[in-house]
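Below are two complexes that have subunit A in common, paired first with subunit B and then with subunit C.
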Partner chain A sequence: MTHLAEPETAVPRWIALWPALMLGLFFLVPFGIMLSVSVAHRVEGGFFEPGFEWASYIRFLTPFFGRVLAVSLGISLAAAAICVVLAFPFTVFLATMSRTVQTRVLVVLLSVLSLSEVIIGFSLSTLLSQTAGIGNLFAAIGLIDAPRAYTPSLFALLTGLCYLGFPFAVLVLYAPVSRLDPEIVEAARVMGASAARAFFGVVVPLQRGALTGAFILIFVFTLGSYLLPQLLGRPEHWTLSVHITDQAIYQANLPFAAAMSVFLMLVALALVGLASLAGRDRGAA
Partner chain B sequence: MINRRAFLAATSAGAAMLAAPSVLRASGAALKVGTYGGYFQNSFDKFIYPDFTKETGIEIESIGEPTGEAWLVQLGQAARANQAPADVSMMAQVARIKGERAGLWAKLDESKMKNLGVLPEHFVHHYEDGALYGTGAVSWYVSLVTNTATYPEAPTSWKALWAPEQKDKLGLMSLASNSFLLEITATTFFGGTDILKTDDGVLQVMAKLAELKPNVRLWYRDEGQFQQALETGEIPMGEYYHDVTGLAASQGKPVRSTFPEEGAVLDSGSWVVSKASKMLDQAQVFIDYMAQPAVQAKLSRNVGTAPTVPRNLTDLTDAEFAAVSSDKAPILPLSTLYVDKGDWVSQKWSELITG
Partner chain C sequence: MTELRIEGLSKRFGTYLALDDVSITIPNGKFVCLLGPSGCGKTTLLRLIAGLETPSEGRILVGGTDLSAVPSHKRGMGMVFQSLALFPHLDVAENIAYPLAIRGADRATRQAKAAHLLDLVKLPGMGGRRIHQLSGGQRQRVAIARGLAIDPKVFLLDEPLSALDAGLREHMQIELRQIQQSLGVTTVVVTHDQKEALTMADLVIVMKDGKVQQAGTPMEIYHAPANAFVADFIGNTNLIPCRWDGQAIEVLGHRLAPAEGDRIAAAPGLAQLSVRPEHVEIAAPGTGFAAEITFIRDLGESVHFVTRCGAQVITAQVAPGARPPFGVGDAVSLGFRPGKRVVLA
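For the complex of A and B:
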């Protein structure tokens, strides 16, 4: 914070007005509209009227939607955890390779980001299908008796979400991991730590902040996914985002959809806040 | 089909906006007729409107409308300003009934419409005071479909969906209001849809429906996803559109559509006139014209819809008729259920499916 107080800054202060204006226009205003719709009066068999009532929020506070919310959070937390656990060793390993290899791998990962959720969902559902999927391969080499489908299932859904999230995790982790001073690990090794001990005892704690950042990013990113749960999950894996889509588009119940969105956002913000607090404390220590 | 129609409607609405200057020029004495944008609108532009203008001298300005509630909301708001974005509109049944409740549709003069006698009762819509306000426009069937390689014998009843050997093999639509599974279950196991007129009855039907959950592999919102899976045999049985399935079969795909003994679901769109329309006379001529068996037969051949009039009045051949319809009594959607208790039904439905 101290350098901000210095009289000379690289850019004029007023330049901050521009993002502030854009943020107000394209985030706060739509968010305000969503808040006002969430308390509007739902006209059954019609649309909605302006008003102020808590009916949509009260409808949400049932064991049914509590379970849906728990499923959404559980799936996103699991996807975030799997992505980070896979991406971190991958990135540490990547950072030890030559510059050319690193660039090529990063370009491939970036190209994955250009694929839409629909393409990923359909590809995975084919890959995991009974008629054309890997079940046929497993059956051919004798692992299973007959080809079977692995979709829709929780496994298929998490695979899809991790496919989406993994490149983001690597990109978030790449910069801090590549800046890691190799001498620190060498020092640990010189003092007698095994490779595993050095990794878990030195590298992981040093990167705690970056790991938390990647975890939060994937968590929030997958929380909004509504296509993959429909394509790859069973109904019990339909996330709150799927129910929001149903209410908004098919039931024309915008107040309820808005109320669910507000709720989802509040819970996500609370979790993100908790996670970043935890990450910051350890990072500072 | 709803998804595709909605999508086509959205794209054509954009195209219509771009073409707005020419639309304004063309407006004058033309009757504005709204149909679902995209496939429907194109087909009507090509096969129906030119002949109508030739026969009656009434020019038509074709309007592409979105499916579902959006058009109803627009018509309602425009009517408050005494404007009619379209004089005549094709409306889905739930939207039609909501408009009826709101008194949005103009009352029509039955004495000036001589062809309506050929329409079955469920395609002639009256206000509670008995005044006519609309007629069936087009209809299509949702039937029991199977992959012919997996099922060499066609199933004969909707009961096949409940059979234990169908475990994890079905594809069904994911919403109460577009799958019509409540109506199908009520007709198959409870002797008709009357049981759905009470809350207890709806819950009883849902309990029966819950028994087939282990058999469902896919609750689909996107029709393309199911059609592909049906054709490959990945999901070899389910409910789908009769006309589209027939088309796929005619292209050599191993699929078939069956009209079960309990009947297939007959979904439809209806013609209604906005009360703000200043062209009521022309609108009546149009609606009357569209009810003619010859025009309905033309729609069946060129658009793939089922005729709204009895088959013996049309000159459709057996093959042409079978491609779009059946002589078996249809299961009629209980649209008022989704108007009056839509939120309750959708909540119970979500609990049923995902629970």
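For the complex of A and C:
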């Protein structure tokens, strides 16, 4: 009888049982509950009773919620794009600094992560307000005639979301950018590329994977934001997350909230899939 | 005429003087090796020529034109980097044609040039490959082809073969030299491998501590080293403390009269006698330097007898066919072949 030994691995395989158990218990089971709630029958003025009906999903397919979905995705896409466009040159520049400076900057960025969304939201709404905001400064130096409020607005909302997302974008980009062989850029330079041409023709394409990763992270991260849109945005900027909260807590319509959540997740998954397909290295394909 | 002239070039990094007042003239079409231990300033010199560093003092002239104020991307040089620095997001032909694409060459020109260069580096038809599909030696060839794509005035290579294993490296040394000779491009290679320098170069520039120790043909450097550092760095040599009194060399209790061919490159006084192992004769105890064999290294192609003469270790090298019948512990007599002795300061 031939006996094939188990292939030796550095980590015993049964160790995977632990995360599997945790995932099952705290992710899959609640997700299953949410799925079942999304098809449950809503009792008007009450709660819901078990059942199977598409009513909640059908209700979502209206122009109103279509627009809300589009606004949510648009805001998150814009925030992700702005964060990546700001964070990438920042990180490339940071990587050229000395180790000490890099560490200090990263510590400052990490400390920004410790601020809660609430603090960031209220700080920004004060900073952009008419009574105490930067409008007063602009008026004082004669840029505008009278102080005005810059919140609530799409601008204020995106500022808040980017404030939250920027440190994450830098942290995601930092490792691959600092690993970039400086000789690659020098090679492009010696071969005749101007600094700008070397950056856009060599550095950016080489970091495509990292840029996609940062973009997806910020997109998904801001998609779930429901506090900042209410603090800094107008009602028309309220994201799907705000409406889900509204339905679940204030309208007591759990089946509809669950259905919207499933929808949001499916659309987000589809977009993430598209993005990673676009960001995939040609060479690795 | 693309003569490369370096005039009084110095480079400081803070207080550290990486390159100290270097002046060299490299004639058109010559193959030059910058040779020295790590930290000797050879890579700094190459990067200054490429425009990747700004000189603290001095000038770099190519064909009589001062390049000091010309930025790197306008110098029109070809360069092969130590890490090769190939672009993984481009295929082989796109890598090679990159400098042409930058200069706005059309597609047909780029493809033709890439195909021509791939033939030159013996990778015909490999233009469509991805960089990660290539072996180390193939990547090396692609990097060389890319460096030559614009028919550069000066071709610079920074330790180009250091990542290859020994056999492949020797093979590539010969090929690189042949490519350079067929194109006649003025070439500067940085290396710490003296065999590499002797194999490829028309002119070897030995550097240490940011200074040029000696510049000369490989044979000049080998047979007539300017100082003890060069003698020791190029090939193996026995360096034995001696005294030169103007008439004879006093060494290990013997007085040797200089013969024709011996080189005296030291003022009278304490000096060092350099004798290459192949110029040390080994015989049965007699009138020469009495020594004892401490180790025998048989490399097949040659046999090295490591001996001790008092406190001094002296190595003698003989051809395997002429191997004398001595073993470890045997007493022997050593002689330094007249005409092959060099006295250095």
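Miscellaneous remarks
By our rule, the second predicted complex is superposed on the first by the 273 of 285 C-alpha atoms of A that agree within 3 Å, B and C clash if a C-alpha of one lies under 4 Å from a C-alpha of the other, contacts with A are read in each partner's own complex, and residues count from 1 in each chain.
Here is the rule we use: a residue touches a chain if its C-beta (ideal position, glycine included) is under 8 Å from a C-beta of that chain, and two chains touch if they have at least 3 such contacts.
The model shown is predicted, which means the values in this text are computed figures rather than measured ones.
Overlaying the two complexes via subunit A leaves subunit B and subunit C side by side, clear of any clash.
In the superposed model, the angle subtended at the C-alpha centre of subunit A by the C-alpha centres of subunit B and subunit C comes to 160 degrees, rounded to the nearest 10. Within the superposed three-chain model, A:Ile58 lies out of touch with both subunit B and subunit C [touch as defined at top].
In the superposed model, more residues of subunit A are touched by B than by the other of subunit B and subunit C. When the two structures are aligned on the shared chain, A:Asp181 is found in touch with subunit C, with no touch to subunit B.
In the superposition on chain A, contact of A:Arg197 is made with subunit C only, not with subunit B. With both structures placed on the common chain, the touch criterion links A:Glu44 to subunit B but leaves subunit C unconnected. Legend: residue contacts after superposition of the two complexes on their common chain; A:Ala149 is shown touching subunit B, with no touch to subunit C. When both complexes are overlaid on chain A, the residue A:Val108 reaches neither subunit B nor subunit C. In the superposed model, A:Leu25 lies in contact with neither subunit B nor subunit C. By the document's definition of touching, of the two partners only subunit B reaches A:His243; subunit C does not. Superposition on chain A places subunit B within reach of subunit C only down to 46 Å, the least C-alpha distance between them. Subunit B meets subunit A in the complex at residues 68-69, 73, 98, 101-102, 168, 174-175, 177-178, 217-219, 221-222, 225, 229, 232-234, 339-340, 342-343, 346-347, 350-351, 353-355. By the touch criterion stated above, subunit A contacts subunit C in their complex at residues 181, 183-184, 186-194, 197, 202, 205-206, 208, 281-283. Within the complex, the subunit C residues that touch subunit A are 50-52, 72-79, 81-83, 85, 87-89, 98-99, 102-103, 130-132, 146, 149-150, 156.
Contact residues on subunit A toward subunit B in their complex (touch as defined above): 42, 44-47, 59, 64, 68, 122, 125, 129-132, 149, 152, 230-231, 235-236, 238, 243, 246-247, 250-253.
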